[in-house]
Every structure is written in C-alpha cells, then in structure tokens.
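What follows is a pair of complexes built around chain A, which joins chain B in one and chain C in the other.
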Partner chain A sequence: MTAVTSRLPAYLKLASLQLQITYAYRGEVIGGLLVVLLRILLLKAVWTAAYAGRTSVDGVPLPDLITFLTLGNLQLVLMRPMLVWYLQQRIHEGQIGLDLARPVPFLGQLFAQQVGATAGLVPFVVLAVPLAFLVGNLAPPASPVAAIAYLASLSLAYLISTLIGLLMGLVAFWTVQTLGVGVIYEFATQFFGGALIPLSFFPPALRTIADLLPFQTQVFIPVSIYSGAISAPADIAGALGLQVIWIAALSVIVWFVWQHAKRVVTVYRG
Partner chain B sequence: MSRITLSLALWTAGLRSALQYRTDTFIVIVMALAFQGTGFAFAWVLLSRFESLAGWTLGQVAFLYGLRLIVHAVAGVLTGPFFGLETQVRTGEFDRYLIRPLSPLLQFMTQRVEISIFGDLLGGVAIFIAANQLVGLAWTPSAIGYLVLAIAGGALAEGAVRILIGALSFRFLASTSILYLADSVFSTFANYPLTIFGGILQFLFTFGLPLAFVAYLPATVLLDRTAELQVNPALAYVAPAIGVLWIAIAVRVFNRELRTYQSAGS
Partner chain C sequence: MPDPIIRVDQLVKTFRSPRRHDGRFGALRTLFTRDYTVKTAVDGISFAVESGELIGYVGPNGAGKSTTIKMLTGILVPTSGELQVAGLVPWRRREENALNIGVVFGQRSQLWWDLPLIESFDLVARMYRIGPERFRSNLGRFRELLGLDEFINTPVRQLSLGQRMRGDLSAALLHDPRIVYLDEPTVGLDVVAKERIRTFIEEINRDRGTTVILTTHDLADVERLCRRIILIDRGRVLYDGTVDGLTASYAPYRVLIVRLATDAGAVVPHDRPLDLAGVEVAKREAGAVWLRFDPTVIAAPALISEVVRRYPVSDLSIVEPELESVIREIYESGAVAT
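Moving on to the complex of A and B:
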C-alpha cells in the first residue's frame, strides 16, 4: 500500500497527461459520440417498429427498453479501453523501452493512463446526456438503492473493461498489431453485452453463450440494476459477485500474460 | 479509351501495393466482417424474435442488408482514398495529381485501394445469397438487369457524397471527420426499411442525402413493396438514374473546388 501512495504523484501525472491528450483530440471524441447517438437513434426506430404498437413485450415496456439501450450505449463510451491503442502506438514507435524503464510498475502506469483518458471523456459524455435523452430515452434509476448498486456495478464493469483492455494491449508485445482485436472486442461487447438487444430477448442458445462471456458484466448487469430488473438484494449481490469473480479471473490471466510478455518485448529503434 | 486503361493500370497498382501487407489485409477484412456481422446479427436475432419489421420479414431485411453492403463495397472501389484527402491537401502531396495529363480526381481515386471493400463484398454477397433463399425471388432477366443498374446507381450515389464532402478539403482543409460521420449515417440507417424512421428523417434521407437510393428504393422494387412508399413509386424505378445525377453534380463541384487548392506553401 505504501508503494502505491509513494508513487501516487507519478500516477497522477500520467493520468493527467492522458486527460489532456483526450482533450486535444476532442474533435474525434465528439465525432465518436455522434456515432453513438446515431446508433441510439437507430435502435429506438428499429425497436419501436419491432414492438409494432404493443406497449410491452415479455413484460418489458418500450420506454424502459429504450432507456436500457440508451444508457448501455452511453456507458460503453466510458468503458472504451483506450490503453489498447496507446500501447500499440508506444510499441510501434519504440517508446515502450522508455515506459518499461520508468521506476513505476508498468501495469500501474497503464492503469493510471486509462483512468486519465476516461476522466477526459466524462465531460463530453455528460454533455451528450441531454441529446441521448432526445434521440433515445432516459429515466432516473429505479430506486436510491438501485442508484448506489448501479454505481458499484459500473465501477466493477469499468475494472473488467480495463483488464480486458490490458490483456488485448499486452498481445501487442507479440503481434505489434492490436487494431483488429480491439475492433472485434468493441463489437463483441456491444452485441454480447446486450447494448443492441438486452440478453433477456436472446434465443436460449445465444443466451447461454452470452452468459459464459465477460461482456454481460459490462452492460447488461449494471443497466439491469439501474432499471430495477435486478432488484432483490440477493440478486444484486449475486450480480456484483459475478463481476468480482470475473475481475479475479482476469487479473490472474493479465498477471500471467504480463510475466511472459516482459520476456518477449522488442524495443524498436531501441 | 486510354483514360480508362490508364486509370485501370493505376488502380491495379494501388491494389497490389495495398495487398503487400498481408497481415494488415487479413486484419482489415476480418474487421470489416466483424463490423457488418454485428450489425446483421442484431437484425437477425431481433427478427427471429419479432417476425417482422414494419412488414418486412427476416428474408426481406436480409435482402436489403446484403444489397446495401454490396453497393457500399462497389462505392468504395474508387472512393476509399477520400478519407486521406484532407492530409494530402494539407501536406501539399496533392500537387502531384496536377502535373500529370489525367484528371486529378481520377488519379486521386485510383492511387490506393481500401482493402475493407473486400470484407464488405464478402459479407454482402453471403447475406444476399442467404436472403434469396428465404424470399424466393424469381430472377427474370429484367429483374437482373435492374439489380445491376441499381448496384451501379447506388454506388454512384454513395460515392457522390464522399466526393462532395472530400471537396471541402480544398477550401477548409478539413473533411475526414465529416466523411466518417456521413459513412456512419449510411451504414447505420441505409440497411433498414426507411418507413421505420419518422417523416423528417425519411425526407432527409431521400432528398437531403441520397441514402434511400442506395438500397432501400431498389429493394422495394425487387421485393414488390413499392406500395409502402411515401414518394411516387416511379422514383424507385428510376433510382439508378438518380445516382448518375448525384455523381454528375459531385464531379462538377469537386473540380470547381479544386481551383481553390493552394498547395502547402513553404
């Protein structure tokens, strides 16, 4: 613990640098958010047409469904693993040697940078909320308990996204390229996370696959807690527990991969 | 004739150079398939649960989806390089097209080939063939003829939008982010029957952007669904010609804007 506190200034500096970089690329950030708003607009139109005048399907009223999808897609913006692109760039440019030589643990550096980049996104996402309400729909959380549990679940989901991001980033130590895996990840989280179709509408076979993947913990679980679809204390505890299990499993995998990655690192122009 | 042979030679050279990077080629194709696959998986799962979307069955939506992807791939054959036009104008790299005896627009469009079009084509053809099994269309010679014209016309319409936006580069030195946004609008909304969107969007996607002409209007003709149209059904039959109209305007605007090009200056 003392190690973390003594390195705190270094971590804060790294995080604030990434925050500034996010702001410097604000044009791209705004462009990316507009694409998300377009997606929300499409989802609303398609789902409204699918409901075809019915007020509720499988016990899910249409406005609730649209709120679910709007929140899920906005939330995914905050969980983008920016460190994947960052790491690829550092390896490409040979700067990775410099990063590894710093007197701060490498994985800690990456984590701090990810948090900084996300912090830079927050104001943009907050500004997009009223627009998201206009093109999609938003409603307050089901209850004060739901709000608190949602924030806890969202934080755990963020950790899971970051761990998967780390895993994908470390792949670049072998492949140099991470663009492909990063893009496939983005679509997998959208689809299997439930940001296009809530998992409750999945056909059974597909639902089984989704339940075995980590992506449901990034969208479906937190948003279901927010909306009250998961509301019994035992169910909330079970959902948060599942997220914790994924964090533990992914941490072990990341640590294992990192131990190997260290040994294969190639520093270009080094 | 020599203009066409020359452009073809330049295009093949562009393709050969892009294919040199084999891993990149593979990754880009996989990425394109993942992107389009996710979009289609959404429509697929939704329609297997809800049976129809504004009266369109799964087969019919898949038909529209596949057609749109094929058109998108064909449009990208010549208009992929527009995503890099802004940079070429800023750095003055665009100079080189001005000193050779071939239209700068043709030279620019044939310099490089966007590999992702092969992923789009692969996905589009697969979805289109599967959709045909589901809808069981009778492919008469006139239907095939109309399909070919519709793909060409749709590609011209989508390409025209890229050319028009790219033309902004000369005066404003910026166009890439608008291009990406326009591309998202097409890949988000052109895959679905237009009737699911409100009146304002339907109007905009027909007369503001030629989005309806890319695949939706031709699909209503081929699937015999023109009765649902808000516009005169005749417009759907002449959809391919609308693409020609758009490209004619776009090329004119591009060449006029080209005159404002000032090179990088140093």
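Moving on to the complex of A and C:
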C-alpha cells in the first residue's frame, strides 16, 4: 500500500497531463461526440421504423429502447480504449523505452493516463447529454437505488474497459500493429455490449455467446440497472458480482501477459 | 580500488524475428511461422566502469551501442551474460535502478510534446520523488547553465532541437542520478549548441561526480570530453582504454606536410623519390606533398632535416592523427584488438 501512496503524486500528475492533452485536442473530442450523436439519431430512426407503429415489442416499449440505446452509446464514449492506440504508438515510435526507464510501474502509468484522459472527456459528455436527449431519448433513472447502483456498475464497467484496452494494447509488444484489434474491439463492445441491438432481442444462441463475453458488462448491465430492467436487489448484486468476477479475471490475464511482454520488449528506431 | 559502479560481463543480446514470407498468403504465413532469423546485436561484451568516469561508448551504426545502453537501463532483458549497475541487476529491479540513473536518447524525447516544458519537469519531480527544495535548487542550476528561462513555459513542440535537448538533459538529471547514459546527445545540433551541451556534460561530471556513459557518432564529443573510450563493432569490444592510447596503437603514423618553393624553380619530389625507410607519400598537390612517416622508424627532426636538405621548402607542418581517421581505419580494416 505504501508503494501506491508514495507513487500517488506521480500518478495524479500523469493523469492531469493526459487531461490537459485531451483538452488540447478538444476538436477531436467534439468530433467524436458528434459521430456518437449521429449514431444515436440513426439508431432511433431505424428502431422507430422497425417498431412500425407498435408501442411495445417483447415487452420493451419504444421510448425505453431509445433511452437504453442513447445512454449505452453515450457512456461508451467514456470507455473509449485510449490505451490500445496509445501503446501501439509508443511501441511503434520507440518511446516505450523511456516509459520503461521510469521508477514507476508501467501498468500504473498507463492506468493513470487512461483515467486522466477519461476525466478530460467527462465535461464534454455531460454537455452532450441535452443534445442526446434531443436526438435520442433520455428518461431519468428508475429509482434512487437504481441511480446509485448504476454509478457503481458504470465504474466497474469502466475498469473492465480499461483492462480490456490494456490487454489489447499489450499485444503490440508482439505485433507492433494493434489498430485492427482496436477496430474489432470497438465493434464487439457495440454489438455484444448491446449498444446497437438490446441483448433481449438477440436469438438464443447469440444471446448465450453475448452472456459469455465481457462486453455485456460494459453496456447492457449498467444501462439495465439504470432503466430498472434489473431491479431486484439480488439481481443487482448478481450483476455487480459478475462485473467484479470479470475484473478479477481480466486483471490476472493482464498481469500474466505483462510479465511475458516485459521479456520480449524490442525498442524500435535505434 | 572501490567496486566498479557498472560491471558488464559477457553480455549477449539476440533478437529473434519471424522470417518474412512472400507471395500469396505471405503475411499469414509470416504470422504462423516457426521460422526465425536470429540477429545478435551484442555478442559477449565485458567492461567495468568506476564511479565518476566519463566514457565514450563508440561504434558504427548497428554496432550494438544502444542495445547495450537499453540493457543497462533495464529496458531490455539480456539473452545471456551478467550486468550490475550500482549493485542492482537492472532488468530484475528496473524501477529501483531507474532512481539511480538518468537517460537521454538523442533521437527521441521524454518531454510532453503538447505541453509547456515545465510540466515535464514537474512530472519528473513527482516520479522520482524529488523534494521541493532539491527540485528548486537543481532546476535553478540548470536554468542558469543551460539558459532554460527563455523557453521553460513554451510548449515543447515549438522548441528548436537545441532547446529540446537542453530540456531533455535537464529532465534526465533533475533527480541527481549517480549514472547518466547519454545516447547521441549532440545529434543534429549546430556547433554552438553542441559546445553548450558538451560544457554542461563536463560540468555535471566534474562538479557532481556523475558517472557518464556517452554514446556518439561525433568523435569531437569524445576527444573533447572523454579520457577513456570503449570502441565496439558488430557487438564486440574492439578497444577499451584511453583515447591517447588508441591513437598511439592504431595510428602510429604522423603526417608531414611539405610546401615547396616551386616558384624558385625547384624540382618536385616525385621526380626525386624520397627513399627513406618508414616514409611514404600519402598525397600530392601542386606545390605540396603529404609524407606519412612512422616516428618509431624515423624521428620527425631527422625527417625534416632530410627533406630540407634535399628540396627547397617554403613551409612545413606536422599533423597528428585525428581520432576520426583512426577509427575509420579500424572499422575498414576490421582490426580486432586481441
């Protein structure tokens, strides 16, 4: 524990520098948000047409569905796996050598930077909420308990995203390129997370696959808690528990991969 | 004699990369291949460095200099051999080792590109847990020695190469490391900027007793700063000793430049060869000739008096061998000190 507290100033500084960088590139952030808002708009149009005038399909009312998709896509902005492209860039340019010559654990440095980058995004996402309400739909949380449980679940979802981002970024120690992996990941989180089609509409076989993958814990679980689709205390506890299990499993995997990556480090460009 | 601060023993580093396949599905076959090419970057290097030394670590491109430095910093894990830096095995105790060392890679920067220079220093202070008092006094010293004040609040991307290098050197030394590895710190700099960097390196070595390992292609850096040079090529040590000793053992020749009083109607030497043992004509130009001689065979005064006796001479000068030409000769001949 003392190891962490003595390094806390370094981690905070790293996070704050990354936050400043996010702000320096705010044009990109705003552009990214506009794309997300456009996606919400298109999803709303498509799903409204698909409902074809029915108020509810499989017990899911259209406004609830749109709220689900709006919130799901908006929170995905905060979970953008910055570490995937960051690591590949550092390795590609040989900067990784400097990061590794620091007296601070490398994974800690990366985690701090991810948190800083996300903190820089929060104000933009908050500002985008009224717009998201206009292009999509946003209902308040189902209950005060749902609101609190949602925040807890969102935090856990954030940890899961960061760990997956880290894992994919570490692949660059072997392959150098990870952009392809990043693209597949973004698609997988959107699709299997339920940000395009709610998992309740999946055919059984696909639903089973989605349930076995970690992506549903990033979108489907927190948003279902928000909307009240998961509302019984035991169900909420179960959902949060599943997220915690994924965090534990992914942490172990990341740790093992990193132990191995350390030994295959190649520093490019002389 | 105290224990050396750096001890490198039979160090080897090989890189394994999959053999590329061409043709249809080439990329896919490359991905699943078990066929590797092995490249040995460092091939059994040994040396020891005493605390407070300033050493030139020199070699042509691809000789294994940077790979050695990266193993000393703990970034790369050696394939075999042993190394110890200030009592630690760098790759096993990378973070502890980092507190003892400073690193500058001339080809890249540890500074945060988009942010004012001072932000990078502030990060270094927190990473290396530098107390506010020490941070202030060290930064004050570097501000003065390197003239940081004019750009300390400028975003790094707007700095000139020379300013950036001054920033990088400061960042690497703020925590008073016992050892500093400088990998090409003067690359791409103009003469004024180079001199400023050299003076700074000299001062931290002299005033702080910081051990400096300097990797460079500019042998003027070595001539100006280092007493000892380790010369490597193809991953092996060719020479380890004093700079003077290197020129003495590898370049025993001196050159006597003779300018002739040609307008006095004199005869030029190639009509009358200078048949003296240990002397040969290295180069000829109108009115001048370069005589290369071995001072152990014929002493300079003897040669000069012979030349003056035979030819009408207007001017004479003796050229000492330059480190650069010495090293060029060693690389070209592939001579290995055994």
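The definition used in the following text is that the second predicted complex is superposed on the first by the 269 of 270 C-alpha atoms of A that agree within 3 Å, B and C clash if a C-alpha of one lies under 4 Å from a C-alpha of the other, contacts with A are read in each partner's own complex, and residues count from 1 in each chain.
Keep in mind that, in the parts below, a residue touches a chain if its C-beta (ideal position, glycine included) is under 8 Å from a C-beta of that chain, and two chains touch if they have at least 3 such contacts.
Quick caveat: nothing in here was measured; it's all calculated off a predicted structure.
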Query raised in the report: Given the touch rule stated above, what does A:P105 touch, chain B (first), chain C (second), both, or neither?
Result: second
Report task. Considering only the touch criterion stated at the top, classify A:L127 as touching first (chain B), second (chain C), both, or neither. Result -> neither
Query raised in the report: Now for A:V35: first (chain B), second (chain C), both, or neither, which partner does it touch?
Result: first
Query raised in the report: Touching A:V4, do we find chain B (first), chain C (second), both, or neither?
Result: neither
Requested in this report: Could you say whether A:V267 touches chain B, chain C, both of them, or neither, answering first, second, both or neither?
Outcome: second
Query raised in the report: Now for A:K13: first (chain B), second (chain C), both, or neither, which partner does it touch?
Result: second
Query raised in the report: Now for A:I197: first (chain B), second (chain C), both, or neither, which partner does it touch?
Result: first
Report summary line: chain B and chain C footprints on chain A meet at residues none
Requested in this report: Sort out for me which residues of chain B touch chain A in the complex.
Outcome: 23-24, 27-28, 30-31, 34-35, 37-38, 41-43, 45-46, 48-50, 52-54, 177, 180-181, 184-185, 188-189, 192, 195-198
Report summary line: Listed in rising order, the residues of chain C that touch chain A in the complex are 15, 66, 70, 73-77, 94-96, 98-99, 101, 103, 105, 107-108, 110, 112, 114-115, 119, 122-123, 126-129
Report summary line: Touching chain B in the complex, chain A uses residues 27-28, 31, 34-35, 38-39, 41-42, 45-52, 57, 177, 179-180, 183-184, 187-188, 190-191, 196-197, 201-203, 206
Query - chain A residues touching chain C - in the complex, by the definition given at the top - result: 6, 9-10, 12-14, 17, 20-21, 24-25, 93-95, 97-98, 100-105, 262-263, 265-267, 269-270
